[in-house]
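Attaching a single structure in structure tokens format; questions to follow.
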Amino acid sequence: MPRIGIIMGSDSDIPKMKGAAEILDALELPHEATICSAHRTPDRTVQWTREARDRGLSVIIAGAGASAALPGVVAAHTDLPVIGVPLKAWAFDGLDALLSIAQMPPGVPVATMAVNGSKNGALLAARILAITDDDVRRRLAEFSRQQSELVDKKDQDFQKKGFGGES
Amino acid sequence: MPRIGIIMGSDSDIPKMKGAAEILDALELPHEATICSAHRTPDRTVQWTREARDRGLSVIIAGAGASAALPGVVAAHTDLPVIGVPLKAWAFDGLDALLSIAQMPPGVPVATMAVNGSKNGALLAARILAITDDDVRRRLAEFSRQQSELVDKKDQDFQKKGFGGES
Amino acid sequence: MPRIGIIMGSDSDIPKMKGAAEILDALELPHEATICSAHRTPDRTVQWTREARDRGLSVIIAGAGASAALPGVVAAHTDLPVIGVPLKAWAFDGLDALLSIAQMPPGVPVATMAVNGSKNGALLAARILAITDDDVRRRLAEFSRQQSELVDKKDQDFQKKGFGGES
Amino acid sequence: MPRIGIIMGSDSDIPKMKGAAEILDALELPHEATICSAHRTPDRTVQWTREARDRGLSVIIAGAGASAALPGVVAAHTDLPVIGVPLKAWAFDGLDALLSIAQMPPGVPVATMAVNGSKNGALLAARILAITDDDVRRRLAEFSRQQSELVDKKDQDFQKKGFGGES
Amino acid sequence: MPRIGIIMGSDSDIPKMKGAAEILDALELPHEATICSAHRTPDRTVQWTREARDRGLSVIIAGAGASAALPGVVAAHTDLPVIGVPLKAWAFDGLDALLSIAQMPPGVPVATMAVNGSKNGALLAARILAITDDDVRRRLAEFSRQQSELVDKKDQDFQKKGFGGES
Amino acid sequence: MPRIGIIMGSDSDIPKMKGAAEILDALELPHEATICSAHRTPDRTVQWTREARDRGLSVIIAGAGASAALPGVVAAHTDLPVIGVPLKAWAFDGLDALLSIAQMPPGVPVATMAVNGSKNGALLAARILAITDDDVRRRLAEFSRQQSELVDKKDQDFQKKGFGGES
Amino acid sequence: MPRIGIIMGSDSDIPKMKGAAEILDALELPHEATICSAHRTPDRTVQWTREARDRGLSVIIAGAGASAALPGVVAAHTDLPVIGVPLKAWAFDGLDALLSIAQMPPGVPVATMAVNGSKNGALLAARILAITDDDVRRRLAEFSRQQSELVDKKDQDFQKKGFGGES
Amino acid sequence: MPRIGIIMGSDSDIPKMKGAAEILDALELPHEATICSAHRTPDRTVQWTREARDRGLSVIIAGAGASAALPGVVAAHTDLPVIGVPLKAWAFDGLDALLSIAQMPPGVPVATMAVNGSKNGALLAARILAITDDDVRRRLAEFSRQQSELVDKKDQDFQKKGFGGES
């Protein structure tokens, strides 16, 4: 049963949201995903959201660009935590989506990530599950350790090769 | 029977949207208005919008600040023309609302006005009705004429008084 | 007889405004279009605008980039509803045009679309005509239905293929 | 034992973060709070963060203005979910803090709220706890219901008084 | 006979444009001024502009806020040099007007000043006249000398009083 | 003897400023140009500027990107009219240069053009010379006439070919 | 003999730059200050800068608003380290000055502080002197220690009084 | 023994920070560099910073993009002067990093450079060392002289070839 749901407004968002799925796979967190538009399929969006908890979801990750109403609309129809990922669309480098998603009015929170930050959306979902799930917590800790080691490894390479890039 | 509906997300928007009502009154266009939030009362928002045409509405003016999802959500649930008025909220001088309302994805248009531009929202609604209603057109023409005369009158005063403000 | 007029300031705007014409064609709405600059051919712009209603036009869609005075100048010389489409020019991703078109002073409204949002310009024009034209309304409803189905279809494809893009 | 920790960089942030404490009180969620600067008391910040889970905390809400490194620094030293609240400081209406907090690199997520959005920070924390705590969930649902009713009540008042503000 | 014309779109611009008149008075440059709107009195704007050279004008200073089409429209109807002064209106600290006035397309130049920079508009007009008018040049040189002396005088005061402001 | 001087801070600005030289050539206005940096060759910049009038220059066009101090520094050392052209550099699409050049303090005006607007810089210089030089004025009028005709010609082509681009 | 020089373009900058003087006084670092404009008194600016090292200065702190050329001009005429403090002027909350000062071209560095960040300008100057002056370093360390203690003290007060502000 | 340390958060920053190393090499200033992340390897970052002075470092150059906490975190753990270089990441052309690095709170200064301005970071470091090191000062003066000559040389080439680029 999926624990995390990913929703995005258009198939053009698939490559930008893929990072979330990859992180969730790496952390062995079952997830489902759908393409569903706040403006073009509003009823299915509401239905998908309202049934989310019953399908087993604990966290929803919603990616949207430009006007980016999707995360807020989802958050209005569930009391699950909703993570919003602003996506770059055709202008402003994603600032339109960042402001639309972050500037929610008091009462309906959306956890906003960086522009195109779907990976961090997945990691935040994992941190949320890890509060009460020690297995997830262990996998997250291992993930962080690997991440640190990767930076250290890159530094070791850099110490050998320097700015020229050759060893 | 009202021909134009005004919807706004919060009672704090009343003074910013009042200009629309005043213009509509001046143009003798019957209108109704409601406070209804896309995020806090989403179901009533959808219901109000879906029944809009049957209540006689031809145009909807939706005012919203910050994340400003309301105009787009309304436009998603009706095929009436929707005019969005971005309102200044607590930051960014209304740029957040302007981008949220203007940057709608292809398929669901919202006619965006200036920040706090509720008067122009009403005037656009009147222009829309005036396409097929000669009475409205005459009243609009009269309104424009008065507007021009007002500028001319202010220039005449200025010619007398100059930059010092005294005649 | 054309019901909708498209005006744009430069032949470099043709590809950005083409989406409007395509939508209007799909909705079987007769339209005319012209290249006419507010700054370089100001007299022809005024003349085209003043005669618009007599040529049968009900709505004008004006596309412009950068300083983007065209939609406002058109709106100053007609009482038809004017839809402004801010176009990306050589800088600022269209923000200059968006602000120029949206921030109209009280009295002369322009219905601002998204940056490069010419398709929504056409759809808004159709919504306006659909108020009193049930044929247009039916075609619009069909268009919206297809749009929803397209999203649903893309979701069905996605459910098969997932983030990897392969079925 | 507190379940939620609030950390802020300066005593000037107290009034801006107070909304979080009020919401948590209303939802009967025990919380602790501290003033602790990422730049001026970096060691205490790290220590406070590292011991957070052992003190019983499940979620951390970090408020910061301007350069706003605090939420990211906290997120780097814990695997608890961290909610960042960008605060208005002396310039840019909080845009500096919003970008600093939202634009985290992949690997270390921070759940960004609106500028000065401390209330939503608390509500997101409650949603997170509500995943596995039905009592919190009930209180949240009650809170949302009241919120909707408040909007409805304001609409009822508005229907009586109209734009003039008088009944 | 006036040599410089000032045009502004609204009587609310008078205090912001007054600085231009004061500088022109100080430099003994005869000038005229009018309130005339590109959007609300477009015909009078064109007429005023077209007759400008015949009234003796050599330079036009046009102040406008928000959408700020006035300077460009004036520049489209004359071959006199046009100086545009972006004025702060109700949002964005004048950035809307600055972009509207500065981002003119190739072919129709407008000399853009700082936001609310009407004094510099007058000084630029004086520099333009000073090219061929030695009297104006002498008065400008005297003005610049006084300006430098004023800075020097303020520094001398500051040397006595220091940051505390007391001598 | 050159009547107009072009100054730019780097050889990388040559292609961006070339449009000014082309317009001046088309208008038969003799001009000189130099590469001279406000920051890297400050003394030569001052010397070039101070001797400008004696070399016969009536107007200076200064192009600069990023920090863009050059136009202001030039304006501080001459009483000739100075036209500043903000150039795109490595970030912000030229907004840094636009603000640096436009936001001059009262006392030292710079006539700011659009980002990369060197052609309009030349046209403004021509308008300035045309105040007292009827030959220049005639050539400018001819240039404007051609410009209008070009737009008309493009419209005629467009009428034949339509949005498809084929006749 | 002063070791640090403060230069600012206008007497209106005195209150914004006063913080630098206060920090330098607290750190017992002798300093001098002048009002001197890059645009209105350019020659004295250059002279003051060129003689800076001979007057004993090791670091220069230059405050400027709006177009903010002063720090770059100073840096062009000395090889001392120059610290630029962008000051809020009449628009854009200091963004114009921030971009003007930060976006220096390669070759002439300016150490940019926060908008109105004159205190940090003084502290950076002190850090620079502390590299080779152990007395300054000791005073800086003491200053930092007090700063940390102040944060700790404020936290202790807050622990007593909480968000209500009462103990 | 290195006198200057370069720290950057990711190996993707190497090409953007390389300019600093090249300038330091040209000025014969020994330096060390590391890849070390404020968020992913926070402990090593603090350790590297705390031992910096003992390793002989006098100045630290820290490059970071997006949220860009690294320079501030480094500055919090040392009293050496810290130079921050905002780097372009995946959005906003580096504005996020510029604001994060520049808008430091009073007490912990970071000397901010232009976006991607690593060369100027090195030159500022050299100016700082040159205060008390006449050898460095001589090399810096020679570097500046060459830089001026290069501009002069480019102007001489331009005088031969003109805007066409051919001699």
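Think of it as A, B, C, D, E, F, G and H in the order they're written, each chain with its own count starting at 1.
Heads up, the rule we're going with is that contacts are C-beta pairs under 8 Å (C-beta built on N, C-alpha and C of every residue); 3 or more make two chains touch, one makes a residue touch a chain.
It should be emphasised that the depicted structure is a prediction, and the values quoted were computed from it without experimental measurement.
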Which chain has its C-alpha centroid at the greatest distance from the C-alpha centroid of chain D? F
Copies chain D and chain H touch; is their interface built from the same residue numbers (over half shared) or different ones? same
Taking the mean of the CA coordinates per chain, how far is chain A from chain B in Å? 36
The distance between the C-alpha centres of chain E and chain H, rounded to whole Å, is 41
Report the inter-chain centroid distance for chain C and chain H in whole angstrom, where each centroid is the mean of the CA atoms. 48
Roughly how many whole angstrom separate the Cα centroids of chain A and chain H? 34
Multi-partner residues of chain E (at least 2 other chains): 10, 37, 40, 66-67, 91-93, 95, 102-105, 107-108, 114-115, 144, 147
Those chain pairs that satisfy the touch definition: A-B, A-C, A-D, A-H, B-C, B-D, B-E, C-E, C-F, D-G, D-H, E-F, E-G, F-G, F-H, G-H
So in the complex, the part of chain A that touches chain C is made up of which residues? 10-11, 14, 17-18, 21-22, 33-37, 40-41, 44, 66-67, 90-93
State the interface residues of chain H toward chain D in the complex, per the touch definition above. 9-10, 37-40, 42, 46, 65-69, 72-73, 75-77, 89, 91-92, 95-96, 99-105, 107-108
Per the contact definition, I'd like the list of chain F residues that touch chain E in the complex. 19, 58-59, 79-83, 98, 102-115, 117, 119-121, 123-124, 127-132, 137, 140-141, 144, 147
Would you pull the chain B residues touching chain E in the complex into a rising list? 88, 93-95, 114-116, 144, 147-148, 151-152, 154-155, 157-159, 162-163, 165
